[in-house]
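Same chain, two partners: subunit A is paired with subunit B first, then with subunit C.
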Partner chain A sequence: MTDVIEVQGLTKRYRDIIAVDDVSFTIEKDTIYGLLGRNGAGKTTVMSILTAQNFASSGDIRIFGEKPYENARVLSRMCFVRESQKYPDDAKPVHAFRSARLFFPHWDEAFAQRLISDFQLPQNRRIKKLSRGQLSAVGVIIGLASRAEITFFDEPYLGLDAVARQIFYDRLLEDYSEHPRTVILSSHLIDEVANLIERVLVIDRGRILLDETTDAVRDRACTIVGDADAVDRFISGREVIHRESLGRTTSVTVLGRLGADDRARLAALGLDAAPVSLQQLIVRLTQHAAFDTPDVHATIEEVVR
Partner chain B sequence: MNRTVNVVRLQLVNKMTYIWIPLIILVGAWVLTLAIYAMLSGNGAPGPFYGGGSQAPLWYFLVVGIQALTFTFPFSQAMSITRREFYLGTLLTAALTAAILSTVFLLGGFVETATRGYGMNGYFFRIDALWAAGWWVAWLAYFAIAMLMFVIGFWAATIYKRWGTIAITVVLVGLGLLLVAAMWLTGRLDAWAEVFAWFGAQGALGLTLWGVLLTALLAGTSYLTLRHAVP
Partner chain C sequence: MIEEGRALFLQIAEGVEDSIIDGSLAEEAQAPSTNELAAFFRINPATAAKGVNMLVDKGVLYKRRGIGMFVAPGARGMLLAERRTAFADRFVEPLLAEARKLGLGPDDLSRLILEHAGTHAEPATTEGASR
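Our next item is the complex of A and B:
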């Protein structure tokens, strides 16, 4: 696989905080990434620096093998859709799309028109008068129709209703299969995008916590449900990241994938194994990393409950 | 280059800022001025009448300079435009609109000359001091003033964008202090006569060229500031 983005030791320091802390990763060509993490984890900062909108304190970035800063050749192949994008004061969506057509070489006008009707976006209303959801739709349409080789979506769904969000996911996937490209999608609605993203990058307090394929992440843990004693017998020696009890029934999330003999043992003990949702897993892993000592697991459980 | 020209189109997407508002201000100021001249003329005043109304659209270029940066720079970044392309395209837009405005002023000046101030000896576009050295000096002066206004607005806005409200306030207050200090020093040295003589000696063309120099200086500084501004 070719890497379209290479990041080495990226650090971003503000006066009193370190927003991004010595981060290194690569992004493969033609893959959909989920950039996941809590508010303030550093997602937007990383994306801003990669698109040369913000500046790194130290570290090296290569996009298509080149530095992106003031590099029109590289920048014109990228599109960054921000959650809080500002538009010219009196601009209407029609103006924003007309501008995007000027600057994104792969802009598809027919696709843009289709998206405008899909999202029922009023094209001739001033952008500052649009609702939050309609404002997000403007960004989403620019991001999709620009068909840039690398597209960043920074929480693009704010204010979009469930139907509109589904339209976004569907159109993204349809268009991606016809025109493969690299998409980096930052999101809080992890389960909604779980079927979309092929690789997961979890960032927490400025550091990369996880960089794996979505399938591998799913295999990292499972939930064992059944009689409390039997569950305890099964999980001894395994790393538990979450535990819940209701009467005699206990549900425990353990790390590690289950092998054939594990499954046989589960059957013998009368236990069920259920897959963990990506969202749950990432929440637990993030919490796990935050309190990486065994004695605080109890506290986490309280919090989760 | 093509992308720089496209920045002009990006800026002009907002026709309200660059075309309609300046036009409304210009026509409005012109109509008001002529109405006042007509009243004076109707009361038998012989003129010639001069008013400051034609300054209005030139001042508006200050606002345009601010808006060109604060509203359009963040969007230009979303369009994956480099800061350099944005800067050059924006200055090109300003030059184009300033040229159009100067041409309107020039044509208006010719009309006023031909009709002897609309038949009532009143002048809106034609300022004798600027026209004395030739119509092209007048055109250049109008252009230079509009560009200077635009660049002052743009320059202040880049400082605001890069370092925030306190920075621009401190810079403007600092410049005010420098100006007052210079005035104090001039008075102290009893040099006001020399200062006025210097201004007089420069003439319309000389002052215009000094204005161009100041514009270039501010524009250059703006670029250095913009190079590290974050949208």
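Our next item is the complex of A and C:
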């Protein structure tokens, strides 16, 4: 696999805050990534630095093997759909689409028109007067119809209702099938995008917590439920990331895959094992990291690997 | 349709296998393409491709260049044999565990099974079992 993005030791400091802390990762060509993490984890900062809209404090970034700053060759191959994109005061969607058509060499006008009618977007109303959902639709349409080789969607769905989000997911998958390209999707609606993304990058407090294929992550944790004593016997020596109790019943989420031996032991102890969704796992991992010592990061990375 | 916590490509592969087992996808018939599976299950095409490739490696599907994937001859028999081997682990063991919890013995279970099988209008033998 070719890497279209290579990041080495990226750090971003804002005065005394470290937003991105010595991060290294690569992004493979023609793959849909989920860039996940809590608010303020550093997702938007990373994306804006990769698209040369922000400067790194230190570190090396290569996009298609080149540095992105003031590099038109690289920038015209990338599209960044921001959560809060600003447009000129009297601009209308039709103007935004016209500029996008000029800028992006692979722009597909027919596809854009189809998306405009899918999202029922009033093209000739001033963007200032659009609803939050319609504003998001403008960004989504530009992101999809630009067919840029690397497209970043930063929380593109704000204000979009469930139907409109499904249209976005469906059109993204359809168009990606026909025109494979690299997509980096940042989202809080993890369950909604879990089946769309091939790889997961979890950022927590400026560091990469998880960099894995989605399939590999799916069975990396499970929840053990049953009698408190029996649960304690089973989980001894395992990495516990969450615990809840209701009377005598305890529910504990542990990292690690269950083997046949584990299953037999669970049955013998009268315990149940429930799967953990990607969203639950990420909530547990990032919650865990929030009130534990920093070296927990290392433990989690080891166990998850 | 898709459950949490289990690798998606396995679930996709199982879905195709189910269609072959119940006969809706006949041997030598064209299997759904990776993109069709991706669109139907609303999943990443790479994941669907992984499921399809697994079925190719297993000999359930085979590729005709430039046309697509087809169900291999003998695939149904192979899958039936495989599923029957896994049947005890997947269904009988959990059944016994729940029965134990409720104080039901194997005899009670077999009586229940016979009773319930009798309430269905159709005869309890499947065409597969006579093979």
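To be clear about the criterion, the second predicted complex is superposed on the first by the 290 of 305 C-alpha atoms of A that agree within 3 Å, B and C clash if a C-alpha of one lies under 4 Å from a C-alpha of the other, contacts with A are read in each partner's own complex, and residues count from 1 in each chain.
As a convention for this text, a residue touches a chain if its C-beta (ideal position, glycine included) is under 8 Å from a C-beta of that chain, and two chains touch if they have at least 3 such contacts.
A quick note: this is a predicted structure, and the numbers were derived from the prediction, not measured.
Q: After the alignment on subunit A, I want to confirm one thing: do subunit B and subunit C clash, or do they fit together?
A: These partners fit in the superposed model.
Q: Is A:247 touching anything from subunit B or subunit C once the two structures are fitted on A? First, second, both or neither.
A: A:247: touches no partner chain.
Q: Anyone got the angle at subunit A's C-alpha centre between subunit B and subunit C, nearest 10 degrees?
A: Taking the centre of subunit A as apex, the angle works out to 140 degrees.
Q: More subunit A residues touched by subunit B or by subunit C?
A: After superposition, B is the partner touching more of subunit A.
Q: With both complexes superposed on chain A, which partner does A:237 reach: first (subunit B), second (subunit C), both or neither?
A: After superposition on chain A, A:237 lies in contact with neither partner.
Q: In the overlaid three-chain picture, which partner chain does A:54 touch, first (subunit B) or second (subunit C), both, or neither?
A: After superposition on chain A, A:54 lies in contact with subunit B alone.
Q: Please work out whether A:75 is in contact with subunit B alone, subunit C alone, both, or neither, and reply first, second, both or neither.
A: The first partner, subunit B, only.
Q: State whether A:259 touches subunit B only (first), subunit C only (second), both chains, or neither.
A: neither
Q: How far apart, in Å, are the nearest Cα atoms of subunit B and subunit C after the overlay?
A: 26
Q: Kindly list the residues of subunit A that each of subunit B and subunit C touches, one partner per complex.
A: none
Q: Quick check: in the complex, which residue numbers of subunit A touch subunit C?
A: 31-32, 169-170, 173-174, 176-178, 195-198, 214-215, 218-219, 222, 267, 270, 274-278
Q: Okay, in this complex, where on subunit B does subunit A touch?
A: It is residues 3, 6, 9-10, 13-14, 16-17, 67, 71-72, 74-75, 77-85, 227-228, 230-231 of subunit B that touch subunit A.
Q: Okay, in this complex, where on subunit A does subunit B touch?
A: Going by the criterion above, the answer is residues 48, 51-55, 70-72, 75-76, 78-82, 85-91, 95-96, 98-100, 102-104, 142, 148.
Q: In their shared complex, at which residues does subunit C touch subunit A?
A: Per the stated touch rule, the residues are 2-9, 34-35, 38-39, 41-47, 50, 93, 97, 101.
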